[in-house]
Amino acid sequence: MEPVKRIEIVVDSPEVPELLQILRREGIGGYTVFGHLRGGGDRGERRDDEPSGGGNACILVAVPAAKLQRVIEVVRPVLKRRGGMCLVGDAHWVVH
Amino acid sequence: MEPVKRIEIVVDSPEVPELLQILRREGIGGYTVFGHLRGGGDRGERRDDEPSGGGNACILVAVPAAKLQRVIEVVRPVLKRRGGMCLVGDAHWVVH
Amino acid sequence: MEPVKRIEIVVDSPEVPELLQILRREGIGGYTVFGHLRGGGDRGERRDDEPSGGGNACILVAVPAAKLQRVIEVVRPVLKRRGGMCLVGDAHWVVH
Amino acid sequence: MDLSLIASNLLNPPVLFFALGALAHFLRSDLEIPQPLPKFFSLYLLLAIGFKGGSELHESGLGGPVLGTLGAAVGMAAFVPLWTYAILRRRLDAANAAAVAATYGSISAVTFIAASAFLAQLGVASSGYMVAAMALMESPAIIIGITLARRAGGGTPRTAGMPVDGGWSHLLRDAFANGSVLVLSGALLIGYATGSSGKEALAPFTDGIFRGMLCLFLLDMGLVSARRVGSSRELGLFPVAFAVLVPLANAALGIAIALWLGLGQGDALLFTALCASASYIAVPAALRLALPEANPGLYVTMALALTFPFNIVVGLPLYMAAIQRIWS
Amino acid sequence: MDLSLIASNLLNPPVLFFALGALAHFLRSDLEIPQPLPKFFSLYLLLAIGFKGGSELHESGLGGPVLGTLGAAVGMAAFVPLWTYAILRRRLDAANAAAVAATYGSISAVTFIAASAFLAQLGVASSGYMVAAMALMESPAIIIGITLARRAGGGTPRTAGMPVDGGWSHLLRDAFANGSVLVLSGALLIGYATGSSGKEALAPFTDGIFRGMLCLFLLDMGLVSARRVGSSRELGLFPVAFAVLVPLANAALGIAIALWLGLGQGDALLFTALCASASYIAVPAALRLALPEANPGLYVTMALALTFPFNIVVGLPLYMAAIQRIWS
Amino acid sequence: MDLSLIASNLLNPPVLFFALGALAHFLRSDLEIPQPLPKFFSLYLLLAIGFKGGSELHESGLGGPVLGTLGAAVGMAAFVPLWTYAILRRRLDAANAAAVAATYGSISAVTFIAASAFLAQLGVASSGYMVAAMALMESPAIIIGITLARRAGGGTPRTAGMPVDGGWSHLLRDAFANGSVLVLSGALLIGYATGSSGKEALAPFTDGIFRGMLCLFLLDMGLVSARRVGSSRELGLFPVAFAVLVPLANAALGIAIALWLGLGQGDALLFTALCASASYIAVPAALRLALPEANPGLYVTMALALTFPFNIVVGLPLYMAAIQRIWS
């Protein structure tokens, strides 16, 4: 098992394509997206069942610790402008 | 980055509105809900595709360590009565 | 609260039934499945909206540390053959 | 009993799609009908059947046996949980006995719809107000079941320790503002209010594609109830016997009441199907919250994996044969 | 004003299902219509209305008042955000004022559809090209609203700091390649191109089940907009007054233009409904990305919880009464 | 070749909606049709086409060229993977060669449906039993492809190291109990069993709204296959040439067999469309599990982004022109 950083980014669904593009530009091609989430935060409640869309999505990315700083740097401006949440934790990647 | 507690609560979908209400009463307005989950535990299997509903949902809440105890106190009786799971881990909140 | 290992396994959706069967054989009946995930990794992009299916799912399992090794042993060959990701982290189980 | 009745029931596309769904499960096919499609099909069916019933009620009016039938329907919805609870209590704890009793006191809209389709195939007429009877039978058993459980010391009010809301207001809401109850009765009232102009405007939707949507829903029901048949083996003999014998007893009661009310053969079959059927949508949804001590693996499995297919496949032609013999 | 107009609007199944959805919310029912079902219903409605409009346009041709009406439609879609922005700016910051202005400059397809259904019920004819007018009115207000916000210093281009794509190309895409705009105009062109053979082939789909699908969608809209009524109480008096009075003003403008263009009564009502309605699908979807500083809790709530039900329930018969009086 | 054939194929609403979906992708629209809606549309199409085929088979009986055609269909489904594997193996490793071979041996139900719609538009008759031919052609190629891969040392049985189940029983299940195979053949049998009464009862569902549902599904297919066109550029020349030339070769073979069997023009086109089409639903679903070493980015992209649109847009009128010339 290798130690990695486990990054969770919760944003509005329509932001996801651009965030993935940004991550890809940083050479990060491994990600998992959980869609259709409800949520609440500073900008009030967000639900997925409105006619105009409006749900959240969560992008899970596992990266080596060395890459963490760079990911945070590119993600932070998006969160600043659009709101959202980014959590970082420790985990071990089971090598297969 | 600020250290936070990352709380995951897995319960029956129809419990979610009341759990969120309870959390809100405790002044916790930040949450993300993952819906339509399958699961298995002490009360057997739970699937989302039965005609009477019946799937699980997972509420993810990031709180400062100081609030953890209070969240656990209010969530525990619900879990006791209805079953479910609550996991607590450590994470860092990327300030934006 | 009891310390547990928090295991996340991301695999192709159709693998889930067999993985759960394998886990059950190891005496692990507690799990939560998050379905309909998009993802990217070594095997390229995976989306859920293709006519032939093709999305990922994430199995979340909380086990006592003592059982971790056994879970990894049985899951690893599946990941080796089919691709996917397995992350292990630390968490506390709120006893109810 | 006339074998052609069984044949004409079995050679119905909806029943055959039910069998196809079950077959898919037993062949361990990867066929699945993911949410929210089953929800869509059942929403459609409730809306269509409610609306059609309302339009027909508008045409037929509330005279004749209508009020008597509606009264009898509510009566049966209250009586069935009471008598079955007495029996169930001998083998089960209070919560589970109450949950099963509530399940069998309420009704299955799809069994009702299958009975209507069966009548249509036989060319036997039935009345729109039977849908109103169905709508009235959905909820009372929930109230009675939970009251029984609470009297026995179980059924902790949903909000114990949570000063969110009074327990009873919750209960009434779970029973009467339940999504499926509301769509069915709402559509009934709308069909009644908009009369023949509404009926005509919606006919291609509520009539034209109805049978096809029923096939889709029953395909899913076949999958889901076959999946539960496995678990039904773990239930033991008592619940299995109950799931077959109690519908027969309730059907007999239903036939007797229908005869006494002077209903026609078609309405008699619909009334009987309501009495004999058990709920696997509205009641479980309410009980999951109101009676969490009860095991859905018991009451849902009995209603869905045993009573539902029994009624659909064997029960309907059997009840019809009895009615034909008695009425003629 | 003729009360029978109100009655015949209210006794419409779609409007009653809207009320049923709202009732379900206020009874705190667990009824919900989960995604992607609402998306399916609106996709269906846009495809069907677009296609039917295109077929009718094929039959009627582009002569007569068609081009004038289309021009007037675009003109109103541009004028409404400008005049309302001037008013909104007195009470709101630039971003929110621009967002609300864009919302009211664009249109609500379901209000348009409800107006068509209302006309069908009254037996008043209308023209297929009005759908083209609707398609043309969806997007301009988005462009104008965002331009207003940027001029005022807000509206940070979506890609600030992200050298992914130029800000304006993004904006044009959000405005014109928006999913609902594309399906509506695409279906319109396809209906136009395939003419009467296409019309006949799709009729059971685009016509037959149309009213029923509209009922399902409005059931959901009732749920969703009732949910937002709670939040509308927190908005304060100004937005609430705006959400009722501005549609009336735009409707008056619309009626005047329709008169000037010499439209028939049916087309006049459709044009008026477009002017009076506000967008809660296309515009919010675009603004969430292009104007994140604006609060969807304001502009979506105004359009969805206030203006939409006002138009559906009160507005349409009111506008029709005015048109009938003026035209005759 | 008669240009009017191309025009009448292109001016078909379904084909135009396919183009609209592709356009939406290239305009980078946010239009999306989220799961499970595509699943719903394809479930509907399989059920409807299977059921209609079964009803027609019931009417026409099993005489004449029926058994010969069914035999030829199975033969082609087995022969195509064998001959194409021999070619593919020169450029690809065993697993990928076997996967592509299986993909082209099986069929695309939507191409078949588009061919039927094209015939309907031309007013050319076809037979219900062709649906049975389609059902029989779905699975054999899966078995043959995997056998080829295993013989070449690849294709680790799915359960290697997992004593859950034997590898071959898995394989047969993936091939024959596959959801789409089961719904298509099950609906065919149900249509056959319920005959004309079933046909009439379901007609508004299986016939009336069929074209419209096809439009919705093709709108989604346009989106999805346009998305894959980007990746097809990375494939290199060989797969792209294969994806266009092999369908032409299989179509030629199909036409020859149809002539030899003495089929009518309509059935000849359907048979040809089956031979020329490649699977992007059933086969990939099975191969993902049975041949994980093969790259879906190769075989799905070829079938979905190249062969499918080629057949739909260019292939069908081309094959029809050839058939018309040869037959007359």
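Going by the order they are written in, the chains are A, B, C, D, E and F; count residues from 1 in each one.
As a working rule, contacts are C-beta pairs under 8 Å (C-beta built on N, C-alpha and C of every residue); 3 or more make two chains touch, one makes a residue touch a chain.
Worth saying up front: this structure is predicted, and the values here are computed from it rather than measured.
The minimal number of chain-to-chain contact steps leading from subunit B to subunit F is 2. It takes 120 degrees of rotation, in steps of 5, to superpose the Cα atoms of subunit D onto those of subunit E. In a homomeric contact, the two copies may use the same or different surfaces; for subunit D and subunit F, under half of the interface residue numbers are shared, pointing to different surfaces.
Averaging C-alpha coordinates per chain and comparing to subunit D, the farthest chain turns out to be A. When chain centres are set by their Cα atoms, the one at the greatest distance from subunit C is E. Separating the CA-averaged centres of subunit B and subunit C is a span of 19 Å.
One simple way to say how far apart two chains are is to compare their mean CA positions; for subunit A and subunit E this gives 34 Å.
If you average the CA atoms of subunit E and of subunit F, the two centres end up 40 Å from each other. Note: centroid distance subunit C to subunit E, computed from Cα atoms, is 45 Å. Residue positions 14, 34, 36, 89-90 of subunit C each touch two or more of the other chains. Residue positions 30, 32-36, 40, 204, 208-209, 285 of subunit D are each in touch with at least two other chains.
Note for the complex: subunit E touches subunit F at residues 35-36, 39-40, 43-44, 47-48, 51, 173-174, 176-179, 182-183, 186-187, 190, 193-194, 197-198, 201-202, 204-206, 208-209, 285.
Within the complex, the subunit D residues that touch subunit F are 11-13, 16-17, 20, 23-24, 27-37, 40, 121, 204, 207-209, 211-213, 215-216, 219.
Within the complex formed with subunit B, the subunit A residues making contact are 8, 10, 34, 36-42, 56, 58, 72, 75-76, 79-80, 84-90. Considering their complex, residues 32-35, 38, 42, 156, 159-162, 164, 220-221, 224, 280-285, 288-289, 292, 295-297, 300, 304 of subunit F touch subunit C. The residues of subunit A lying in touch with subunit C in their complex are 1, 4, 6, 20, 29-36, 62, 89-94, 96.
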